[in-house]
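Here come two complexes built around chain A, the first alongside chain B, the second alongside chain C.
Then we have the complex of A and B:
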C-alpha cells in the first residue's frame, strides 16, 4: 500500500531537551497506525508536529493523497527563511504567508485533523454547534450572503445541519444534539470530539488517546467505530493509545517510540514480541539487580 | 415535636449570631461615628453607633432567615419554565410589542426624559458592539471607549476639515472606527485574558491623550463642534442657515425644539433596530459561531482549520464599527465633543452593561443598557451612592446570576427529514 504520510528524520528540541530525535515512519493509505511507547516517549510531540501545533526543528513530513496531491507539511507550518528565497520573490512570498497565517489551521485544511488527550470541546455551545463550527470549509462564509440569507447560504447551512445529524447518529449522540457539549457525560464528550473531527472532512484522522477514561464496553464500541470510519469513510487513522488490547485489535501497523526515537515498528504481533519493546516498557531484565 | 424544637433552636441561634454581629459592628462604629470633634472638645454621640449596630443585627438576622428559608417550590419553577416556553413561542410578538412601545414612547415623556432615552439608545449601540468583542469572541476589551471617541471625533473633525455632513459621517465614522479596531487587533493577536485587557486599556488611554494633547488638530480640551443632522436638507434650528429651510417653517408649525429630539430618537431607533437584527443574524452565521468557538477554545479552533487571526480581527473590526456608530450619534446629540467624555470610566460603564446583561445575550444587553442609563437619572437624589449601588449590583449578579440577567439562548436544531 502506498504511504499517505511519510515522516523522515523528524527532530524537535525544547531548549536543551531533545524531545524527538530522527523520528521516521510511514502511515499507509487506508490503514490504522498506532503510535505507542512509555510516558514521555514523545508520542504527543509527534502529533503536535503533524498537526502543526509545533514547528519541528528539522526533518520532513509529506502527505501524498490518492488523487496525486502532495502537501509538504513543514512548508505550510512556516519553515525558516532560506538564502535562496531571496532570488525567488514567489517562494519568499509563500514563506512569508505561511509564517503569518500558517500552522495548525492550514494543516487541518490540508486534511490532518486531530482530537486531544484532554477533551477540547466548545463547552458552552451545543453539540450541534460544535459540529457546525467544524464544517468551516463547507458552509458559505461570506458576510453579505449570510446577512441577507441568500439561497446558496441557506442551502449550505441546511446541508451542514444534515451532515452534523448524520455524524451524531453515527456516534449514537442523536438525543444530545441540542445539549451543551460541556454537560454531556465523559464518554459522550469523547465521541462528540471524534464526530467533530470527522465533520472537518479529514483524510488523516489523528486520535490522541481516544480510549482514555472509557470503560471496557465503550472501548469495544470505539474500536468498532474506528474500523467503520476506515472502511466506510476513506479515512486513514493514526492513533496514540495506552490500551494495548485496543491497539492490537485494530491497528495494522504499530510504531514504538522511546526517548524520542523509533525503537521498533511493524505488524502488531511482531512488535508485541519484540524484546526491545519489552525492555522499553518493563526495563531491562536484571538491570535493577533483582 | 422534634422539628419545632429544632426550629426554635434555629431562631435562637440566629438571634445569638445577630447579637454578636451587632456587637462587633458597635465596636467598629463607635470610634468612627460615636465621637466627633467640635471645636476643641470631643462630643459623644452614643445613639449613632447603636442605631447602626441595630441595623446590622437586623440585617444579619434577615440574612440567616433568608438562608434557612425553603427552596422555591417545584410549582413555582414549573411556572417559570412554562413562562420561558411561552416566551420562546411568542418571541416575535414580544419584540414587535416592545418596538411599538419604543415608537410611541417619545410622545408621552417630556423633553428631559426624551434626552435620557436618546442616551440610553446610544449606550445600547455601544453595548451591542462591545458584546461582539467580549461576550461573543471572549476578548476582554477595557478600551472600548477608544472606538466611541474615534466615531465621535470622526464626525466632528470630518465636519470641520472635510465638511462632512452627518449622513456622510455615519459610514465614515463607522469605517474609521473599524480600521482602528483592526489596527488594535493586530498587535494583540497573541494575547489572552488579563494581558489583552491591559493592552486594550492602554490603547483607550492613548486615543484619549492624543485627542487631548494634539491642540492644533483636535482643539484639545476645548473640544470640537458637531452640528445636528438635517433631514433631506431641512434644518431643525429656530432659524435656517442661508439657503436652507427649517422644519417648522416647512410644515407650518410653531417652533419647538422637541421635533428635533423626536426626529433624532427615531433615527437612533432605526439604527439600533438594524444593529440588533445584524447581531442576531451574525450569531447564527458561521462567523458568529466561529467567534463563540474562539471564546471557548482557541486551540481546538486551530485544530479544526479555523484561522484565529481572521476571526479575532473580524470581531474587533465589527465591534469597533458599532462603537464608532455610537460615537457619531453621541457627537451629533451633544452638538460638541471633548476628551472628557471618553475616559476609562466610560469603558467600565459599557463593560458593566455587557456583564450585567449576560455575556452574549442580545436582549439582556439591551435591557441592561436601558436600565443602567435610566436608573441613575431616576435616582438623581442618590447620585453620591451611584457607585456603591453599582458595585453592589455587580457583586449580587456575580453571586446569583453569573450568566447575566438573561442567559444566552442557544439556537435549537431540528431534523429536516423528521416531521
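Then we have the complex of A and C:
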C-alpha cells in the first residue's frame, strides 16, 4: 500500500535535550498505525510536530493523498529558509507566505487532526458547539453574513448542524448535544473529542492515548469505532497507545520509539516478539510478556 | 437634593455609563481573548472623536444638510476608519509579540498609546478643539416651573439607544453566529482551536476591530453631545472604561456594560449629592470595595484552578 504520511529524519531538540533523533516511518493509506514505546520515548512529540504544535528542527514530513495532492507539512508550518530558495523566486515566495500565514491551522486544513492525551474540549461550550467550531471549512465565518443571516450562511449552518448530529449519533452522544462539554462524564468527553476531530474532515486522524482511563468495555467499543472510521469513512488512523491489547487488535503496523529513535517497526506480532523491543520496555533481554 | 436634580443626575449617569460601557467592551473582549490590557484603546476612542469632527466638516462642505443622513454617514465612516486603526494597532504592536512574555505586549500597548496621542497632537495641534454642537434639541420631563425640570438632550437619548443597540448586536454576534462561536473557542483554548483549523490570528484581529468599532460609536456620540475634545481625552476616559470593565468582571461582555452603568451612575449621583471634586475618588473607592468582596468583578467568574 502507498504511504499517506512519510516522515524522514525528523529531529526535535529542546535546548540540549534531544527529544527526537532522526525519526523515520511511514503510515500507509487506509491503515491503522500504532506508535508505541516507553514513557518519554518521544511519541507525543512526533504528534506535536505533525500537527504544528512544535516546529521541528529538521527532517521531512510529507502527505501524499490518493487524489495526487502532495503536502509538505514542514513547509506549511512555516519551515526555515533554505539556500536553494534563493535560486527561485517562486519557492522563496511560498516560503515567505507560509512563514507569515502558515501554522497549525493549515495542517488541520490539509487533513491532519489530532486528539489529546489530556482532553482539550471547549468546556464552556455545548457538545454541539464544539462540533460546529471544528467545521470551519463548512460554516460561513463572515461577520456580516452571520449578522444578517444570509441564505448561504443559513444553508452552511444547517449542513454543519446535520453533520454534527451525524457524528454525535455515531459516537452515541445524541442525548448530550446541548449539554456543556465540561459537564459530560469522562468517557463521553473522550468520545466527543474524537467526534470533534472527525468534524474537521481529517484524512489522517492522530489519536493520543484514546483508551487512557477507559474501562475494558469502553475500550472494546473504541476499537470498534476506530475500525469503523477506517472502513466507512476513508480515514487513516495513527495512534499512540499503552493498552497493548488494543494495539495488537486493531493496528496493521506498529512503530516502536525509544529515546527519540525508531527501534523497530512492522506487523504487530513481529514487533511483539522483537527482542530489541522487549529490552526497551523491560530493560532486560529475553524476559516474557509486556 | 431636590427630586429634579436627583433624576437629572440619574439621567446623566446613564448616559455617562453607556459611554463607559461602550468603551469597556473593547478592554474586556481583548482581555478575554489574549489576556492583555490594551492600553491604546482609550486613544482609539480619542481618534474616533477627531475623525467625527473631520467627517462632519467634510460632509457639511459637500452640502449634506439633513441631520439623520449626517448622523448615519458620520457614524459609519468613523466606525470604518476607527476599526482600521484598531486592526492596525493589533497587527503592528501586539501580533509580533504573541509568543513572547506576558509583559511585552503590555509595554508595547503603552508605547502605542503614546504614539497615537502624539501623532494626533502633531497632526491636529495640541489645543482643545470643537465642533458646533449637533443635535442640541432636548426633551424636558417633570416640568413644574422655570428651574424645575429634567432635561434630556437628543444626543443623550441617541447615546443610550446606540449603546443598547451596539451591545445587543455584539451579544448576538458572539452567541449566535459562526464567527462568535469561533471567538469563544479561541478564547477558551487558542491552540486547540488552531488545531481544528480555526485561524486564531484572524479571530483576534476581529475582536480588535469590534472593540474599536464600539469605541468609535462612543467617540462619535460624545462629540455630537459635547462638541469639544483634545488629544488627551482618551487617557482619562480610557482609565474609567477600564475600571468599568474590571468592576463588571473583565472578560465578561454583559459585565462591561453593567460595570459602565454602575460607574457612570455612582459618579454622577455622587457629584449631585456631595460634590464634583471627589467623584473620581468615590468611583475608585467603589472599585476597591467591589474587588474586596468580589475579586473577579460583578459578573466575572472566578478562575478555578483544577487539581
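Here is the rule we go by: the second predicted complex is superposed on the first by the 276 of 290 C-alpha atoms of A that agree within 3 Å, B and C clash if a C-alpha of one lies under 4 Å from a C-alpha of the other, contacts with A are read in each partner's own complex, and residues count from 1 in each chain.
Definition applied: a contact is a pair of C-beta atoms (placed from the backbone, for glycine too) under 8 Å apart; a residue touches a chain by one contact, two chains touch by 3 or more.
It should be emphasised that the depicted structure is a prediction, and the values quoted were computed from it without experimental measurement.
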| item | value |
| --- | --- |
| Room on chain A for both chain B and chain C (clash or fit) | clash |
| First, second, both or neither for A:196, with chain B first and chain C second | both |
| First (chain B), second (chain C), both or neither touched by A:108 | both |
| Touched partner set for A:136, first chain B, second chain C, both or neither | both |
| Comparing the two partners chain B and chain C, which touches a greater set of residues in chain A | B |
| Which of chain B and chain C A:65 touches, first, second, both or neither | neither |
| Chain B versus chain C as contact partner of A:146, first or second or both or neither | both |
| Touched partner set for A:92, first chain B, second chain C, both or neither | neither |
| First (chain B), second (chain C), both or neither touched by A:166 | neither |
| Chain B versus chain C as contact partner of A:158, first or second or both or neither | first |
| On chain A, positions contacted by chain B and by chain C | 51-53, 103-105, 108-109, 113-114, 116, 120, 122-125, 129, 132-134, 136-137, 139-141, 143, 146-147, 196-197, 200 |
| For the chain C and chain A complex, residues of the former touching the latter | 169, 172-173, 176-182, 184-185, 188-189, 191-200, 206 |
| Contact footprint of chain B on chain A as seen in their complex | 51-53, 100-101, 103-106, 108-109, 113-114, 116, 120-126, 128-130, 132-134, 136-137, 139-141, 143, 146-147, 149, 158, 161-162, 164-165, 177-178, 180, 196-197, 200 |
| Parts of chain A lying in touch with chain C, wherever the complex brings them together | 51-53, 103-105, 107-109, 113-114, 116, 120, 122-125, 129, 132-134, 136-137, 139-143, 146-147, 153, 156-157, 160, 196-197, 200 |
| Touching residues (chain side chain B, partner chain A) in the complex | 278, 281-282, 285-287, 289-290, 292-293, 295-297, 299-309, 410-413, 415-416 |
